[in-house]
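For reference, chains read A, B and C in written order, and residue numbers begin at 1 within each chain.
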Amino acid sequence: MTGSPFLDSLRWLGDSAHWTGPGGIPLRTLEHLGYTALGVLVAALLAVPIGLYVGHSGRGKGVAVAAAGAARALPTLGLVTLFALLVGIGLTAPLLSFVILAIPSLLAGAYSAVESAEPATVDAARAQGMTEWQILTRVELPLGMPLLVGGFRGATVQVVATAMLAAYVGSGGLGRYIFQGLGSQNYPQMIAGSLLVIALALVLDLTLLLAQRLTAPPGVRAS
Amino acid sequence: MIGFENVRKEYPGGTLAVQDFSLEIASHESVVLVGTSGSGKTTLMRMINRMVDPTSGRVHIDGDDVTSLDPVQLRRSIGYVMQASGLLPHRTVLDNITTVPVLRGTAKREARTHAHELMEIVGLDAALAERYPSQLSGGQQQRVGVARGLAADPNILLMDEPFGAVDPIVRAELQRELQHLQRDLRKTIVFVTHDIDEAFLLGDRVAILRPGGIIAQVGTPQEILADPADDFVSSFVGADRGARTLHVERVDGRDVVVDADGRPAGVLAASGDRSAGEGAADGRTRERSS
Amino acid sequence: MTWVLANLDVIAGYTGSHLLQALPPILVAFLLSLPLAKLANSRGWLRTSVTTTSSLMYAIPSLPLFVLLPGLIGTGVRSPLNIAVALSLYGLALMVPAAADAFRSVNREVLGSATAQGYAPRARFLQVELPLAGPVLLAGVRVVAVSTISLVTVGGVLGVPSLGMLFVDGVRRGILAEIAAGIVATVLLALLIDALLVMLGRAVMPWTRRQGARTP
């Protein structure tokens, strides 16, 4: 309780007791990663096919854009607490909010990826005799891949933050440290937990940023 | 042979692109559809490979109604060259040329060998094979477009203003090379343009279209120039402005051909010069004005 | 519904403090983004680094930022100023790249002809460049507004009064209606502010109105 809370939080992070056992940093980090991966994956299974369809056919674009926009207004904490009360403790409640909040980014990423191909290029591909599936997989997707990865990036950032808030209603993950610290007035622990969440978020964001750069199609200059 | 029978195309929303169009195009013939925008020329051409289906009427190829054919297979059997090339920006020149053969199941190695031959035929340096389209000049891109159109050795080649986006000097070069190619390959070519000079240069026959795909006149360039069907055609080919009425004036001991305004169009070849200027007196190049 | 009717005054109170926390950061983000975006556009490397910094800033979850900021700027964790600074940072992270795009979207030839007509730099910016960048700027502000109003709720877990308190209180006492009311109120507030921004945009940029929009 003496000295700067930042120094105390570094001391907290350096304490080997916090690096082992079920409540240790490595396991909490893995938990957090697991939540994020699961949430983004389930959301992707739903949103990416719909987004690709919307982008390729142009049908339902208005609905998709409106849905993606409206979902941005949804308060994360509200969803997390709502499902906690509705569904109870367990993985289902937080997962529901992860999926709902990850869908808009993925949907927008998928349809803008497909749409980003020049209409003339798509027209030429069709005139050469490509099937619609071949146009999607060999022309539109390779050209729009960075935008699709961008959708995953946005969704990941969103779910990392939501997974942290889910600890408020009893989930695991790195958010635990913050809320335990909040409950016991342990400010250094809150700071330590915050630093860990931020580090995780930045590492994931940078990784996906790199993936975005790497999936840029050859021959197309980055705009 | 390609046949259009009373073809009509109405787009949703009521735009009438083509009213009632009939035309027969013989095998190995090159026919140019020429008209301003709104003449339905591109729409008509795209009916041949089912990029557009007519609202009513029939399009047939060698007797088969195209609507009875699978569009994907049909398109793979017909070469298509478009304005601004439409190349896949994320694939190399060689991969672009081999697209259709590979789609049709030709072994990759074989397709690539053939693609190298095609590059030579259309006048592309072999060193460009692994370049991406964005690394080529406009003229080179169009050459790749032509090579791609020829890659599956189609009987029919559709060309949608293929030289519209390149500068005049390169365009003239590409037009000349297409003439040479056609002399060897004898494809059935349907060519769309708004440039009447290009039409007269490249078409065995030319169809001049009014808005709505109405044929104002169809015939060989000579027939059209000799006897324009009406004022629309006269004005379209420039006969009304005197650009097509040429006469000979003697300048410095040579016969200079000038149009009605006195602007020179060329020099009349002496009988000994004939072999040098290929086709100089076949009734077409002689009349190139501008 | 009974809960909502019985607690209308509570909801109204939280809505008020919610707005008080949300509006200043939206305004600050907009005003600061203009010079920052102009500056960023002046150098290629600067624009790249601004874009990257912004996207990384936006990747930082809000609660950890609320927790860390007091140590950096000397406010209390529960201070509304703390929340306001954090939300302004998020707003800037969204708005600076949007404003940079907006200024880049303005036709260079129009600017050139304005200069040729004799606009001084300041007048050219205020009377030509800013209005022409307006539609893209407005799109950016709308995103900032909606996102900020949603983010304010997170302060609830720290005890900062806002509609987020309805979630915290609702889950503690097990009142589903309270949480639902919080979600609905937050979304409605966001939609309301968004609609006001659209109307404001039409009022100050009459040339962007669709033709025939006012035919009876």
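In the analysis below, contacts are C-beta pairs under 8 Å (C-beta built on N, C-alpha and C of every residue); 3 or more make two chains touch, one makes a residue touch a chain.
Since we're looking at a predicted model, the values are computed, not measured.
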| query | Based on Cα centres, what is the most central chain? | reply | A
| field | Label of the chain whose CA centroid is most distant from the centroid of subunit C | value | B
| Higher-contact pair (C-beta pairs counted), A-B versus A-C | A-C
| note | Averaging C-alpha coordinates per chain, one finds the centres of subunit B and subunit C separated by a number of Å equal to 55
| task | With chain centres taken as the means of their Cα atoms, state the distance from subunit A to subunit B in Å. | result | 51
| At what distance in angstrom does the C-alpha mean of subunit C lie from that of subunit A? | 21
| query | Residues of subunit A that touch two or more other chains: which are they? | reply | none
| Given the complex with subunit A, which residues does subunit C contribute to the contact? | 52, 55-56, 58-65, 67-68, 71, 77, 143, 146-147, 149-150, 153-154, 156-158, 163-164, 167-168, 170-171, 174, 176, 179-180, 182-183, 186-187, 190-191, 194
| subunit B touches which residues of subunit A in the complex? | 118, 120-121, 123-131, 134, 138-139, 142-143, 217-221
| request: Provide the residue numbers of subunit B that touch subunit A in the complex, in ascending order. | output: 46, 49, 51, 72-77, 80, 82, 84-92, 99-100, 103-104, 132-135, 148, 158
| request: Provide the residue numbers of subunit A that touch subunit C in the complex, in ascending order. | output: 4-6, 69-70, 72-82, 84-86, 157, 160-161, 164-165, 168-169, 175, 178-179, 182, 187, 190-191, 193-195, 197-198, 201-202, 204-206, 209
